[in-house]
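In what follows, subunit A forms one complex with subunit B and a second complex with subunit C.
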Partner chain A sequence: MDSLASDPVNQCTATSFEMDSQRTQYPYVTGTSVIGVKYEDGILMAADTGASYGSTLRYKSVERIKPVGKHSLLGASGEISDFQEILRYLDELILYDNMWDDGNSLGPKEVHSYLNRVMYNRRNKFNPLWNSLVLGGVKNGKKYLGMVSMIGVHFEDNHVATGFGNHLARPILRDEWREDMTFEEAVKLLEKCMLVLLYRDRSAINKLQIAKITEEGVTIMPPYALKTFWGFSAFENPTKGAEGSW
Partner chain B sequence: MFRNQYDTDVTTWSPAGRLFQVEYAMEAVKQGSAAIGLRSSKHVVLASVNKAASELSSHQRKIFKVDDHVGIAIAGLTADGRVLSRYLRSECINHTFVYESPLPVSRLVVQLADKAQVCTQRSWKRPYGVGLLVAGLDELGAHLYYNCPSGNYFEYQAFAIGSRSQAAKTYLERKFETFNDSSREELIKHGLLAVKETLQGEKLTSSICTVAIVGVDEPFHKLDLGTVQELIDVLEAEEAGTSEPQREGDQSAMQEDSPDVAPMDI
Partner chain C sequence: MDLNLTAPHSMGTTIIGVTYKDGVVLGADSRTSTGMYVANRASDKITQLTDNVYLCRSGSAADSQVVSDYVRYYLHQHTIQLGQPATVKVTANLIRLLSYQNKNMLETGLIVGGWDQYGGGQIYSVPLGGTIVEQPFAIGGSGSSYLYGFFDQAWKKDLTEEAAEDLVKKAVSLAIARDGASGGVVRTVIINKDGVKRRFFPGDALPLWHEELEPCNSLLDLLPEPMST
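Presenting the complex of A and B:
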């Protein structure tokens, strides 16, 4: 795409989809990692409330975890406006689902599959929704946690993380996660992950939100900050060990 | 030339508030050979009577699998039934594609009914001349629906459509209260006995009927001829053993003589 955009000759002869506005095809305002885990009663999700304009930390209170219908919770990293568009799709989906008024409702598995169809379809139009999505929920006593990427890769797992979280949080989760964690244990684990991300991911901010979904429903907790400690010797002189780098 | 002046197209009302073309389409359902459906809390059984159009031809298919969790039995114009079964199949497969989960039966039935309803309100269309028994299983349990050409649909514990279905309905009305807790085998047995009622003396054999079932842990499928024949043989052996208490049968014969308006008739 980049090479196309910077090549005026190619742009003139481009086919219709390539002539569509190119500015929508790259992210502008982005959120960073989302983490999701299963615990004894359901699913817990964590994300900070920051949104970056390029590399500038531009917005401080953008909620990136939202409920979808009665049984699902959606967390998003990536382009914020695309996430808002996805939420509009889902609002419509849930509305029409409720309008049947027949006692059936879409569960997390169905919403996950629907999102995957949307993401993959947009990717095939070379106009992806620039997000990594975490979809969790509980329906009929079954916990569900999955991910969808901007190109339509999707999977289920006991714990998931997007973006930097994939590199920094998941190794911790692999070591410490258990299926029968209590709420308190799971929150502690998420906070540990979020703290590591705060230290090492430049886009992360110290204002995070945790949301849970159980058989009883969705609870999205108000944002709060973690207690940090910056006195580690490695933080005081970060280039000390990297001889000759700069 | 015409039976009356209000029946030349579907959209014309009679002064009495009737749509004759729609009613004629409902009659087409009664012409077809019988189809029967009954359900317990975990299974739905469909059974149909197979009639060949001529000595030289085979019979037409009356039971269609729509998806793993849904199947239909039809009575009336088979050609219309086939078109509708294709529609149902595509609705199910599209739902599975998008949501990776089976389409709830109640929704499928509403979509089918809406499709039939459109035909009763367009001057350039004709209603489907087919009645469908839709059997299916979803999150909410086992379901049996009847969809008719008028665009109406009803949920049943047990129902019969097609020619001489009244006899089967009478049988089902007498027994349906036990169906909800019935085992799979009992349900099939009742289905076969209901089919037998519609035959009016003709011998019940596996070649004259098709039986299909859908239920918990059992995707929709037709029972093969051998299985059906075995069940029929067991039934006949049972009947031969208990030929004494014929009293109950006498009562039902009285009911069958009554005019062809069952409380369930639509």
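Presenting the complex of A and C:
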């Protein structure tokens, strides 16, 4: 029924005639941080719409947060081709789930578990899917937010981040996240983190998307840009009195 | 300088795909190099996949040729089964499948461009690794590094066919001026509902850029007439 080509773990390429003896790949086209927080009505996730090719900011309109089934949102950083492939596997997973037609549907916890198995098994074969995934969702009133890395490290928390976000956003979230934040408060908090990432992450671009998931469903807002601040007097003349410094 | 004649044939290249009002314009240079030697100075990097979809190839010449051959073969069968021309999206996804599934072995960046009755003119970029991205315009190959700024400034939506082809011609020619791995002639392919038009622009049909001189036959033509005593 499932062809080997669509098996996420036992990858068999359609036209390769020799097996490649070493498998670990290198990422080529990569997305940067994704951040996610739990709030009053569900989960809020933010990511910019950029995909870099080495140091070049090559693609500037790439959606890195996508809905999965009725109850989940998936955000990804890392190799975009692997993310696109993961979306195909999830598509198939959700399709078969719908085909059961039993009134039940895969919730965020189940999807997270599936992704964890896929990522870990690929890691064991030295052929990872080069992504860090953020999985958030709401089912039957219960909020869920989790993360899976390319080596299969996984956990759930009230707030998660990938890539640079781990270093720059999580300290802010640890300090300022509250249980039962309103939508407005959560958006402001995410924007505060995204602004820091924009200032300090070389691969960030000023075009971001925020996505929310509640019991009612998924909304992925259109991309927008944040205002940046450069008006510190020290910025205008940073080497005054210390010529040659920076 | 060692010519390195045993280096794999690579198309340092400049390739471009641009959508315009009625379809797409694809453009490319024509240089194929083996190390420092120019193995082919008039290659055709814009390859036909079906009547309505073409492919711009960059990176390893061998890899891009073999990928395009497989996709042409599959598409031929697909078209027979479907009973109508293949869509650009399906073509681009076949390219993606091969690029993605063989990512450890292939080194080729591709731009798929064409016209179909459902989506009109479309351009899909399939870079190294097998990511697929639909874009209003796409640039690729080593020469594209010099064109990011140019396109950010020069591209507009809904260009006319003439403006789009001019843009592509100008861009490839600018990239050739600065990228040692791009050179030769500029080839363009225009695809819309009325069909496909192939054009060819040798160096003398292109504008001159900074520090480039008007080509002439000989120094002797430039020297002033000898003065009569």
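Miscellaneous remarks
Criterion: the second predicted complex is superposed on the first by the 207 of 246 C-alpha atoms of A that agree within 3 Å, B and C clash if a C-alpha of one lies under 4 Å from a C-alpha of the other, contacts with A are read in each partner's own complex, and residues count from 1 in each chain.
What we mean here is this: a contact is a pair of C-beta atoms (placed from the backbone, for glycine too) under 8 Å apart; a residue touches a chain by one contact, two chains touch by 3 or more.
Given the structure is predicted, the values throughout are model-derived calculations rather than measurements.
By the touch criterion defined above, A:140 lies against subunit B but remains apart from subunit C after alignment on the C-alpha atoms of chain A.
Judged by the touch definition given at the top, the superposed model places A:55 against neither subunit B nor subunit C.
In the superposition on chain A, A:27 makes contact with subunit C only, while subunit B stays out of contact range. Using the contact criterion defined above for the overlaid structures, shared-chain residue A:239 touches neither subunit B nor subunit C, since it reaches no partner. Of the two partner chains, subunit B is the only one that A:103 touches; subunit C does not reach it.
Contact comparison for subunit A: of subunit B and subunit C, C touches the greater number of residues.
Within the complex, the subunit A residues that touch subunit B are 100, 102-104, 106-107, 109-110, 113-114, 117, 140. Contacts from subunit B toward subunit A in the complex involve residues 97-101, 104, 106-107, 110, 138-140.
Residue ranges on subunit C touching subunit A, taken from their complex, read 70, 96-105, 125, 127-133, 135, 145, 148. The touching residues of subunit A, counted against subunit C in their complex, run 5, 11, 13-16, 20, 22-23, 25, 27-29, 51, 53, 56, 58-59, 61-62, 79-81, 84-85.
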